[in-house]
Structures are given as structure tokens and as C-alpha cells.
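Each chain gets a letter, A, B, C, D and E, in the order it is written, and its residues are counted from 1.
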């Protein structure tokens, strides 16, 4: 009973929040709603016993991602109201609605299967974090490491792209007007 | 309490990781070198990358031999899966990368090559693709895919001009949507089967007798949409022409080969068992996708005015053509896919490399893109060899025998024929005829028209350098004499594909 | 004997090639003399062969293989038997005369050398035609003479009318040749061979309907060469060629090839008397038809051409009725006097600066005595007055038709004989008698070269005496042709017929003289509708022009402009354009807008989902 | 209705996903478009967690975990791209991204 | 002698590659020598050819892709031998008589490559190898038309390429099917024609495959209604291009009918005989009429080519030795004659730079030698006996007469309509008064042009008078094809339509014995 109430409550909240995110004309509202929605999602995670995931959700999303977006917003100076020329909304809503409807029709059906076996069963009495750690560092060590590399890549990408070196494009200027690298300059001087 | 896990190191089969680790280590080495001493010449990084890729290649060859003896290898809690597909896929990825990386040794300086990070990201990307093909775990596929994609977005943007940013952003945004599709699809499969490993999934589905067909279809729909994006199937193709146009020709050529083969391998793993399960819907959908992709892309390529954009559409069409293999689903078809792609890789490499050497930095009056057809008008007068080579690649791409792509095409149509897809075979054949038109268009410009741009500035071969010429020469030789490598290649591929059970 | 055969056959070819060597150079007398001499040699060889063959021997040689594929085997084989030797004699005699004559006639022509080359080539083709021992060889000659006729009719190629006539002749002949070809195919597939002897030997075993077909198709071939109705128009137009050509080709030799074919194929026609009867009827019709046109024509050469046509009709009557030797005999006699007539006309033309209208001549007998005598002789022979050649040959045909109880044919032929006499002497009267009208037009006529007249004299002689050889000829030729003697058994009837005919003919001659001795304009007659029809050649040429040539031209144009360009080619281009236009129209879908790109992706997803929903619901329904 | 089963979560996830799609399709501001892509990934995460819960299997949570990681890295790269683009064009509106077409 | 075919095929290609190095002033001499050597080699081939053997000779076989049954399989019989010789002959005189051409070096090298592909097509016995050369031959021709052609050259060349390419892709699908059926029957893949010959297919398969192959061949021939690329190609191509296109390239289509369609699908051939005959008749008459309406002399000859190809097709589908041998002979004949006619048009085009017939008139007096040769060739084209075309036309029609009387009768109209357009064209150009001032002083054919024209004239007459040296080997090889077809035929009708030579041969032998 409690579960149902909680589910419907949070479902309603997340849907509303995300709807605001998608529909609001204000970037700030939008972002705030997104952050809120994500926190509500973490509530689901806790409800579902995925405590670790819930924590990560809050930390990563609300902590890191939202902070990034906030910085971005400030950088882009998009706190003011946005003038968006939106596409014919009938098409957009139609498509979105259709996608939802069709998927729901199919997905609402119960899954009948007797062959599902849990490969990594959730053991009673073991803390979620512990269990997750166990699986993550055995079975999913490789994806984990790859994810680490991915984050590294993302970091490099972010640094490189936002870096000063991008300001003058070597691609667009002829070779003879490219400023010589330091070393060669020195060489030329000596 | 959880039991402590005791695992013997041998059972992990750590060696299955070597092919992916090598480029990662390479990337890290490059980053370290840059940290220690900045401002080194790009040739150093190119050669380093090449060296690591060579090692990677060596390890793969080793695996190929191992595979022929031991069959499929699983590693690391069965996350790693080194079967024939993985080996061929990785070989194609690594060899193509080896051929494309020297294209950065241009005589002109371009922005991205000033970054050592470029090479690091390049190697990371390769590792990502390698992970993608060497596993049947959806998580690793996803992570590998994203690793590669993120690196690729950056590489595109690093070209550093408006069009390349535009391209990167478009690619990125659509990629994000596709990532959403992938995760949703994977989620449904997981909901259905409680597993995220493809062989497990197929086993459960088969055991259930596909009773939850609706779920399966939704999952396949989303996954197809996601891989449709990577493989640039219509209508998920929209990024392709813009991204190709926006990025440097070298990278565009690379994109037309490597990400797609990775995606093909995954698609083969994902959809092949479904095709064999006689789900009519999937067959229909794939049929429609394949035909639409081949035909529409060809039709759009007809009307392009920029060679690179034309080649972009043509590569969409080629992808659609090859996608037919997944639809047909026989061993012959799957082998044909790889054979086609290898031969296509060489021709496409050549074509894009030719565009790359033609790339001038400053557009002259009347030129509104990097490689408009007009630029090549009368090339036979000014540079007969270049014109002949470019013409050769065009003919090869058009599927004219005995040049490279023809053999792939023939084998593919042959597999359609023996797979019972007569109409498809005809459509494929006729599409080649449509395609011939736009390839001919370039030939017409090069061989039959007088030069259009009257300029003293060199606009052809400005970017040429020894390594580029070598690469082009190599591609030329392979394209012409492909008939001699078809047989061993086919033997090799078929053995690998067959022994992997596809 | 083989050597003589080859000499007779190839001497003209050598002559032709010799003259051709000088083809592009200005007039060289030797280019005329050598071919003439060679032809004389050919004539001598033919004579030798005649002497050899007259007793019943046959010379048969097979020179080499021509075509061999599958079961088909066609050699270059030649046979000299009694029939072919007749033709050889006719051909060589007339052509030798014409060659010598031409040296004078073409004296001032730029194309002198070319003329002799063509003329000798024609003789060679004609020799191949008559000497061949198989149908394919016959066809070679058949087409060869067609070619040479084309070249010679259009000899003065700068004249539009000449080239037009040349093409007309060639094409008309081709139409008939198709029939001939089909006949040959039929023969081959039914007998397995094209050799005369084999074919004829097997013919009796072939189904009669097929023999009929063969007969009809071969005769269609003959109709073209011999200008039988309705393929006759070319002959009159062919008069555009130099007159010696008309004498040789369009009077003596080529046009009689059709008769020769029927005679040669007599074993076939013997089997199918119905077809023979049709041939005879057509012949009689043409005889009358052509003669009627000759009555009013104002063109000297055309009159003679129609007369030729008419006489060919006679020959076909004979051949059709099975009197092959009679046909052949008339062919021979006719060749002599008709060639003579033409050559005489040539002299007149020369004298009158190529004027052809006899109404502008008159009284030429004073200046051109020799020509006058010879032409009169020839006309008398043509009219069939005793004792000249025409009497023996032509009256024989009348008798044949009478004896075979074809009285209608007989009547037609008799009337035609009268008409023949009339128009022949109308011509003589107009040219040689009456006032010297030519003076009004400022002509200064003169007699032709002596040697031209001398050259003509053998023909004159033959025209006079040929009838005497009738019995000898009969004995010779019936060694291979059906030996039917035609005698009216009742002497009373015979004499009435002969004398009656003679009287009738003479009456016609006298009427012609009376009417045309003094020329006066006869407007009333010219407005007569019958006259108009005749004057316009029954409107047939116009009919052909309006309803065959023009529609063909128009249809060709429609085929090209409207069908080939606008339908066939346009369809091909349309297919290409559809693709291209689709591309042009839909490339806007790639509008560069990221939102639309994303929307396209979702569209794809939704469509697939919809299909998935449909499919899964369908499966559920089927299962449920 | 009151018994919350897996299907409830799946439906919820689908609805959220559809909202994300809606946003992706209609947003013209790139930054806000990126928000929508976050929604897509998040909606899936709920479903993963739910499935994991109902099947008593940890793989779903693992997947969700990696999805979060991926989402985070995408944000980094995406923002990096936006920053450069903004520096160049002074706008992050989609309308500015139209130089290539056809 | 063992690898003479390989040498024949690749010698020009290698020479072409080396030709890039040769200086452009000397390239003509180089080209002539290469082509002459090649021609000599082809004569050597003829010397070595044994006319009494009806099967394949000079066979070479190297597996290329053994897994897929593709091999480098060469061999010739009487049918291909002479077309090969003709191809090398035409290339030789083509190069030798090349006029002042811009970028002559490119032209000669292109011609040498074209020669490789031409010979390759006729020497291949492996379907894929055949296809390779078949397609490859499009490229040099595309370049020749597109780079040296008239004002519409690009349209014409692209149309030529795409049209033929499309057709042959359908053919490729057919080939793959054929190989697949072979694989189904025997368990191994093979594209070897000789292996395929042994395969007897059910009739409905034959019909479909026949249709697929037909599509490729018919466009190449070109058969109505697929012919419209040809007038453009000819109209725009430079002289040498037209000559080779008409003389050799078109023969690929008809040759392929004989080599593939007939022996592989005898029942389908019988089934489709009448429809194809109808098409052939339309080609013959309709295009002849279209030719008559043309204003451009080259177009006249182009359409006349289509018309003649109709006769060849008809002969091919006579399905008996006479017809097929005739059609093969006509391929040679038409090659010689139309090649010569195109060359002749080139001669006049070089002088006046126009091909419109209305621009000429009365040339017979200005250029008598030219007029004579043109006249001979025209008469050969019209099919006058003792010229080369007559033999072929006669045998083709004769052969088809066995199958259908009425069709042959209609097809025979060819000899009438052919004469009409040819004579009309000849009249317009050569007869009448010289009206145009420019035409009054046109030089007659010069020595270089004579070098091409004299041999062609001699051949046109020689083979018309004495076709035996060519007709005999052709006939022998044809017999084996016809016998193969008869043996393979499964329907009653096909058995009846295709003669059984085993009996008939003995019959004919007795007949010939009688003759001697």
C-alpha cells in the first residue's frame, strides 16, 4: 500500500518535473526541474532497494552534472527567457505520444517467462553497496575500467575543446601565416 | 554475508584483453610523452600510434591462429568474447586505422594534428571499437561504443572550423538520442530475459519460444534504431552527410569504415539469432530498411554537388547494401559482409585520401565547399595520374569489375541469391546501376570537361606528401589487384565466421 | 570445254575490272575497246559452247565451294546446256554489239570509262545468272544485274531523275527478290539442296501445296526483274539511263531474266499448271496493258520500253502455258530486234541532242538513212510481219494460246499484236516521215558514226533471219525442255489465222501511218478520259507515290521523331529522370536542421513500433 | 492497480522516455536539448533498477550504474562542444547549425 | 602456344601501361606497332587453330577464387576466333589511321585497354571472367565517347555506360543464380561455362534465367526497345569510337546469346524464340525506317546497325546450324561493313566537320574513289550477293525459315527497307549537282585512309566470294552447340525445334558424297 502510494506520488512528481524540463521556456526552470526530477528518481532507486544507485544518482547527477550545466548556463548567458521557434508541435507531440502509446501498449503486457534466472542474485542480508561492489569488481571490472577510460576521454575532450588553443584555427589559415611554434622561433632567433 | 570470491587467474583468460589494452597503453604513452615534453612533431605521434597499432595487429593475428585451434575464447567472467567475428572485426578496425592514421602526415598543417591528444583520442577510440566487437555483454558494448563515440566527436571537432563544430554537435546530439535508444532496448531485453548477455538472451528467448513477442519487437525496434544510427540506415542517417562534410576527408573516410564495421559486428550478434527465429516482422523491417537505405541514399547522392557529400551518401548506400547480409543471415552472407567491407575499405580509403590531398585551406572564389565537382573538372589535363587513380576508385565503388568492391558486391548478391532473396538481389543490382551514375559524374568532370576554376593557386595535390601518396598507391594496388586477394581473404573470413557459428 | 566456259564467263569480268582501273581518269579509248574485245572473245567462246552443246552435250563444272554450313552446300557451279547457251548467245551477241556501239555513243561523255566498267560488269552478272547451276548462283547474278542496272540507270548521277529512277529500279527489284529468296528457302528446306538437277529430281516428291508456294515465290522474283504488273513502273523510268543501257539491259537481257527463270524452273511449273495459267493471264494482261500505254506516249524511249514490257507479257504467256521453248525463242528474237530498235533510237537521240519527243522530229529519213532502215526493220519484226523474226516467234505464241484453248488469251494477244503494230509505226511515222518539225526547234540532225551502224548491223541481220532457225532451235532446246510442237491441226484454221493476223497487223500499221504522217493537234482526243488514263500510265506511278512512297516517308519520320525519340528514348530518360527528380525533390528532407534530423529518427522509431504493434497484435489474435 | 509490479515501472519508464523524446524533438536550444537526453537515460535507469529488483538480479543495477557514468561523460564532451561553438558563433541555438544541408 | 590467349589479352594492356612513358610525338608509332604485333599474334592464333575440332581450343585454366568457383578460364572456338581477329584488326587500322586528334596519347592508350577487354570478352569461358571484361570494356569506350565526342558527348557516353551497366547487372544476378543452381546440383560452386553446359535446368528456371541474361545481352546488342543509347553513342563518338563500337562491341551481345543463352537454356530459347523474333523483326523494319528518316549520315548507319543486328538475332534464334552459323558470320560481316561505313563517314567528317546529308550532294564527281568505296560498302551493307553480308544474311534468314515461314517473310523485308535508306542516303550525298561551294574542292581519300579502307573492302568482297575459311570453323563449332542444345532440351517442342545433328550429319554426309 505504502509502496503504491509512494510509486504514484513519485511517478507523478518525476513526470511533472520532466515535463516542465521539456516544456519550460526558462532555461533556469528547466534545469531546476531536471535536477528535481533526478532526485525523485533516486527515490525510486531507494524504493527498489538500489541504495548505491540512488546515492550515485544524487551525487553524480545533482552534484556533478547539474553543476556542469549550471556553469554552462552561466557561460552561455541563457538564464533569460528563451525565444525558441518550435517546430509544428502537432508533429512533435504526435510522434512523442505515438512512441509512448505504442510502447506502453506492448510493454503493459505481463512478461511470461519461466526461464529467467538471476545471474547475480541479490542476496538477502547483504548491503546493496557491498553486493554492487562485489559484482562491479569481478564481473564488471572490465566495463568499469573502460568507463574510466571513457571518463578520461571525456575529460581530455572537455579540456581540449574548451581550451585556448582552439581559438586560432590552424585549419583555416594558410601555412605561411601560422605563428611558428616557440621552439622553432628560438631556433630562428639563434 | 557474501562469500569471498576466489578466482584463478588462468580462468580469467586475461590475455583476451591484450588487443584492447595495447592502444590504451599507446594512448597513455602519447599523453605522457606530451606531458614530459610538449611541442613535438606530429610525425612522432603518428609513428607511435602506428607502432602500437602494429602490435595490436600482431596480437590479433596471434588470436586468429589461436582461434583456428581452440575456437571461441571467453575471458574475464565471460565478459570478453573472442570469436571469429571479434577477430575479423578487430582486424578490420586495426588495419583500417593503420591505413588512415598516416593520412595526418599532410604537407599542410591542420589544427587537429597539432594536438598529441588527437592521437591519444584516436587510440582510445580504437580501443572502444575493439571492446564493442569483442564482447556480447550489452554493458560493455554500450560502454565501448560510447568511449569510441565520445572520442570521435572530439576528433571531428578538433578540425576546428565552423562546419566541423556543427558536424560534431549534430553527431553528438543524435548520438545521445541513439544511446537512449540503445539503453531502452537493452532494458526491454533485460526485462524479458533477466540477462544482458546476448547468447543468454537468445537462449532464454528460444526457451520461451518467443512468447512475449511484443517485448522482443519493442526491444529490437529500439536497438535497430540505435544501430541504424551508427550504420546510418535511413531514416537514422541524417547525420552522415553533414558530419562527413564537416570533418576532414581523412576522418570522414575513417568514419565510413571503422565505426560501421564495429556496429555491423554487434548488429550481427544482436539480430542474427532473431532473423533465424523466423520473426517475420524483423525480416520485413530489415528488408524495408535495406532497400530504403540503398535506394534513397543513392537517389540523394545523385543530386549532390560536393564530392565528399556524394561519397557520404554513397557510403550510406553501401552500408544499406551490406546490411542485407544481416537480413539474409547465412554464413555466406555474413562472410560477404566482411569481404565487402574489407574491399570497400580500400577503395573508400583511396577515394577519401584523394580528396584529402586535394584539400586546400582557403577556398577560391566560386567554391562553396571543400570538394565541389567543379574543382575536379579537367583534372586529366593537369594531373593525369591523379585523375586516373581517382577514376579508378570511383569505378571500384561503382562495382565495376575487376576492381575491389565488385567482388564484395558479387559475393553479396550471390549470397542473396542462394539465400532465396531473388528480388532483393535484383534491387541490389539495380541500385548499383543508380550508384554508377554519381560515380560517373565525377569521372565525367575529371575526364571529359575542361577546367572550370581559372586560378593560379594550386588547388590539387596541395596537401600531398609522401606518406599520403604511399597510402593512395597502396589502396590503388589493392583495388586493382583485389582479384588475387579475394580468394585467401574469403577463405580466412569464411572460416572465422563459420566457426563462430554465424 | 571447261576452258571455254570460264572464258565466256570471266572475260566480261576482266573487261569490267580493266575499265574500272581507269574509272577515275578522263576518257580513255582503250577502256572501251578492251572490254568490247573481251566480250567478243566471250561471244566466240559461247559460240564454241553452242556448237558443242547443240548435239545434246552438257558442260557442267563446279568451280569452288561458296557457302557450306550445316547441311547447306552451295558451290559456284556452272552449267552450259541448251537453255543457258541460248541465253549466253543472246547476251554475248547483244552486249558485244552494244559495247561497240557505245564506244561511239558515249564518245563525249565524261564517264566513258566508268560506263564500260559497269556495262561489262553487267554482262558478267548476266552470264552468272544464266550459267549458274543452282538457285543461289542464279540469285548472285540476279542481284548483280540489279546492281549494275542501278549503276547504269543512274549513270548520269547529276540528274535527279536518273538517280531517282535508279533507286526505284533497285528497290522494286528488291521487293521481288525477297519473293525469290523465300522461294529459295522453300526449295532448300524441302529438298535439302539448291542444285537445279537435285531440286528438280526431288520436286515430284514434294507436297503439291509447297510446290505451288515455290512456284509463286519464284515467279514473284521473276515479276520484279521482268517488270510485270504491278512492279512494272521502274522499267519506263529506267529509260533515264544511256540508251545502249536500255538496249542491253532493259530490252534484251536483264528484263528477260524472269522468263529465263520460269523456263529454267520448268520442272516446277510443270507440276503446277494453275500457277502457270495465272502467269499466262498476267502476261497477257501486261502485254495489253503496256501496249495501251505505248499508244499515246510522247517519249520515244518510253514507247519502246512499254513495247518491251508488252513483249515480256507475250513470253510469260508462252512460258505460263508450258510452251517454254516458245517463250525462249521469242525471248531471243525479241532481244535482237528490240535492241536494234533501241540502238536506233539512240542514234536519233544523238542526232537530236537527246530530244525524246517524237513530235518534235519528223522527216528524219533523209538525214539518217541507215538508222531509218534499221529501225523500220526492227519495227516490222516487232509487229510480226512475215518473214521477219517476230512473225515466227510471236505468232507462235498466239498459236500456242489458241491450241491450248485459251481463246480469251488469244484474243487479247491478237489485239495487242495490232496495238504493237500501231504504236511501232506511229513512232516510225513520227520520227522519220512527215514534215521536218525539228527545224522549228533548231536541231541539226546528223547520222551516227559509221561503225556504230556497222555494229548494229548484226542485230539487223538477226532480226531478219532469226526466224529461220526455228526448227534447229526447237530440236536443240527441247533436249531439255518439254518437247511440245504446236501445230494447228486444221490447215484451214491455220491459214485463216495466219493470214488474218497478218492482215490485221498490216491494217494497224497503215492506220498508224495515216494518222501520224501529218501531225496535227488533236485536242479532242487528248481530253478524252481514256487518253488521259493512258497518258498518265493508269495513274499507277502517282498511286505509288501517293500511297506508298509518301506514307513510307511520313511513317519513317513518325517512327523516328514521335516513337523513337518521344516514346522509346523518352521512357529511358524518364526512368533516369524519375530518380534524379526524386532526389531533387526530396533532398530538402536533409535541411541541415538538427531538430528535423532528430525527428526523422523518432519517425523511424515510431513507424517500426507501429509495425511491431500491428505484428504483435496480429500474432496475439492468431494465437488467441 | 495497487499492487505495484514490474509493468508499472516499465510504463513509467516509457512515459518518461517519451517525455525525453518530446524534448529532444522540440527543443531548439542546444543546452536544453541536452537536458532532454538526460531524461532519456534516466528513464531507462528507473526501469533497470525495477527489473533488477523484481528479478532479484544485480545486472540491472550495474547497467544503470554504467548509464549514469556514460551520461556524465556525455555531458562533459557535449558541454565542451557547446563552449567552443558558443565562442565561435555566440549562440547555442539550433538555428545556427544550418550551414550544411541537402 | 599454350598461353597465347593470355598473351593476346594482356599484351595490349601491358603495352598500354608502358605507353604512358612514351613521348607523345612517338606514341602513334608505338601504338601502331603494338597493335600490329597484336594482330600478328591473332593471326598466329588462327594458324594454330584446328578447324576440324568443334570444341574449345587453347584452353587455359587457373583457379582465381576456388571457394566460389571462379577461375581464369580461357578458350576459343570457331565462333570467337574470328571476332577476336576482327577486334585486333580493327584496333590496328583504327590506331594506324587515327587522324589529328587532341591528346592522342590518351587515345591510343585507351584503345589498347579497350582491345584487352574486347579480346577478353571473347576468350573467356568463365562467366565471371566474361563479366569482368564485359563491364570493363565500357570504361575505355566511355572515355573515348566522352572525351573526344561531339557536343552531346557527355550525355551520350553516360547514357551508354549506365544503360549497358544496368543491363549487365541484371545479367550478373542471372549468372549468380546459375552458379547457385550448379552448386545445388553438384555441391560445388562453379562459374565455368563448360561446367554449366552440363547442367540441365527445369524449364521454369530456364525461363527466368534466360530473361535475366537476355536483359544484359539485349541492351548490349542493342535490341529494340533498348536501342536508343546507340544512336547517341554513335552520333557523338569520334570515328574510331564508332568503328570499334559497331564492329566489335555490339557483337558482344549477340556473341553472348550464342555462347550463353542458347546452350544453357535450350528450352527457354525455344520458348522465347517467337517473342524474340518479333522483337528482331521490329528491329529490322522499324529501325530501318527510322534510319530512312535521319538527316545525319552517321545516324543512318547507326540505325542500320540496329537493323542488321536484328537479322543476327533472328539467325541466332533459328536454333539450327544454318541460322546460327549465318548469324555468327554476319557478326563478322556486319563488323567489317559497318566499321568501314563509320570510317567512311569519319573521312568526310574530317573534311567538312559536318555529318548532315543536306550539306553534301554530288560528291561522286568530287571524290570518285571515296564514292566507289562507299558504294561498295553500301552494297555490302545492303546485302548484295558476293559481299560479306549476304552470306550471313542469307544463312540467317534461311535458318529461321525453318522455324517460321511468315516471320522470315516479314523479316526478309530487311533487304527492301535496307536498300531504301541506304540508297536514299547515298543519293543525297553522292548524286546530284555539287551545290555547296565548300564541297567543290574536297580532297579524295588519302593514303592513310586508304590503308584502312582497302583491306576492309578486300575483306568485304573476299569473304563474300569465298567465305569458306571462316564459315567452316564457325559451322563446326555451331554444330556442337546445336547438338548440345538438342541433347539438353527437355520439352518436346524444343526437341522438335532444335535439329538433332547426329542423324542428320550422316544424312548430309551421304548427300555430299553424292555431290562429289
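Assume a contact is a pair of C-beta atoms (placed from the backbone, for glycine too) under 8 Å apart; a residue touches a chain by one contact, two chains touch by 3 or more.
Please read these numbers as outputs of a predicted model, since none were measured by experiment.
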Labels of chains that are neighbours to chain C and to chain E: B
Connected chain clusters in the absence of chain A: one piece
Centrality ranking, top chain (CA atoms only): E
Maximum centroid distance from chain E, chain identifier (CA atoms): A
Farthest-lying chain, centroid of Cα atoms versus that of chain B: C
Length of the line joining the C-alpha centres of chain A and chain B, rounded to whole Å: 27
Length of the line joining the C-alpha centres of chain A and chain C, rounded to whole Å: 99
Between chain D and chain A, distance of the C-alpha-averaged centres to the nearest whole Å: 6
Distance between the centres, which are taken as Cα means, of chain E and chain D, whole angstrom: 65
For chain C, residues contacting two or more additional chains: 576, 587, 590, 592, 594-596, 598-599, 602-603, 605, 609, 612-613, 616
Two or more partner chains touched - positions in chain D: 6, 10, 17, 20-21, 24-28, 33-34, 43, 55, 57, 59, 62, 66, 69-70, 73-74, 77, 80-82, 84, 95, 97, 99-102
Contacts with 2+ other chains: residues of chain B: 139, 143, 146, 150, 153-154, 157, 169-170, 173, 177, 191, 194-195, 214, 217-218, 241-242, 303, 437
In contact (per the touch rule at the top): chain pairs: A-B, A-C, A-D, B-C, B-D, B-E, C-D, C-E
Touching residues on chain A, where the partner in the complex is chain C: 87, 91-92, 95-96, 98-99, 102-103, 105-106
Residue ranges of chain A in contact with chain B within the complex: 103, 105-107, 109, 111-119, 123, 125-126, 130-131, 134, 138-143, 146-147, 149-150, 152-154, 156-157, 160-161, 165-166, 169-175, 178, 181-183
For the chain B and chain A complex, residues of the former touching the latter: 1-2, 5, 7, 17, 24, 31, 39, 76-77, 79-80, 108-112, 114-115, 117, 120-121, 124, 127-128, 131, 137, 139-140, 143-144, 146-147, 150-151, 153-154, 157-161, 164, 188, 191-195, 197, 200, 203-204, 207-208, 211-212, 214-215, 217-218, 248, 361-362
Contacting residues of chain B [partner chain D, same complex]: 138-139, 142-143, 146, 150, 153-154, 157, 162-163, 165-170, 172-173, 176-177, 179-180, 183-184, 186-187, 190-191, 194-196, 241-242, 245-246, 303-305, 309
Parts of chain C lying in touch with chain D, wherever the complex brings them together: 587, 590-595, 598-599, 602
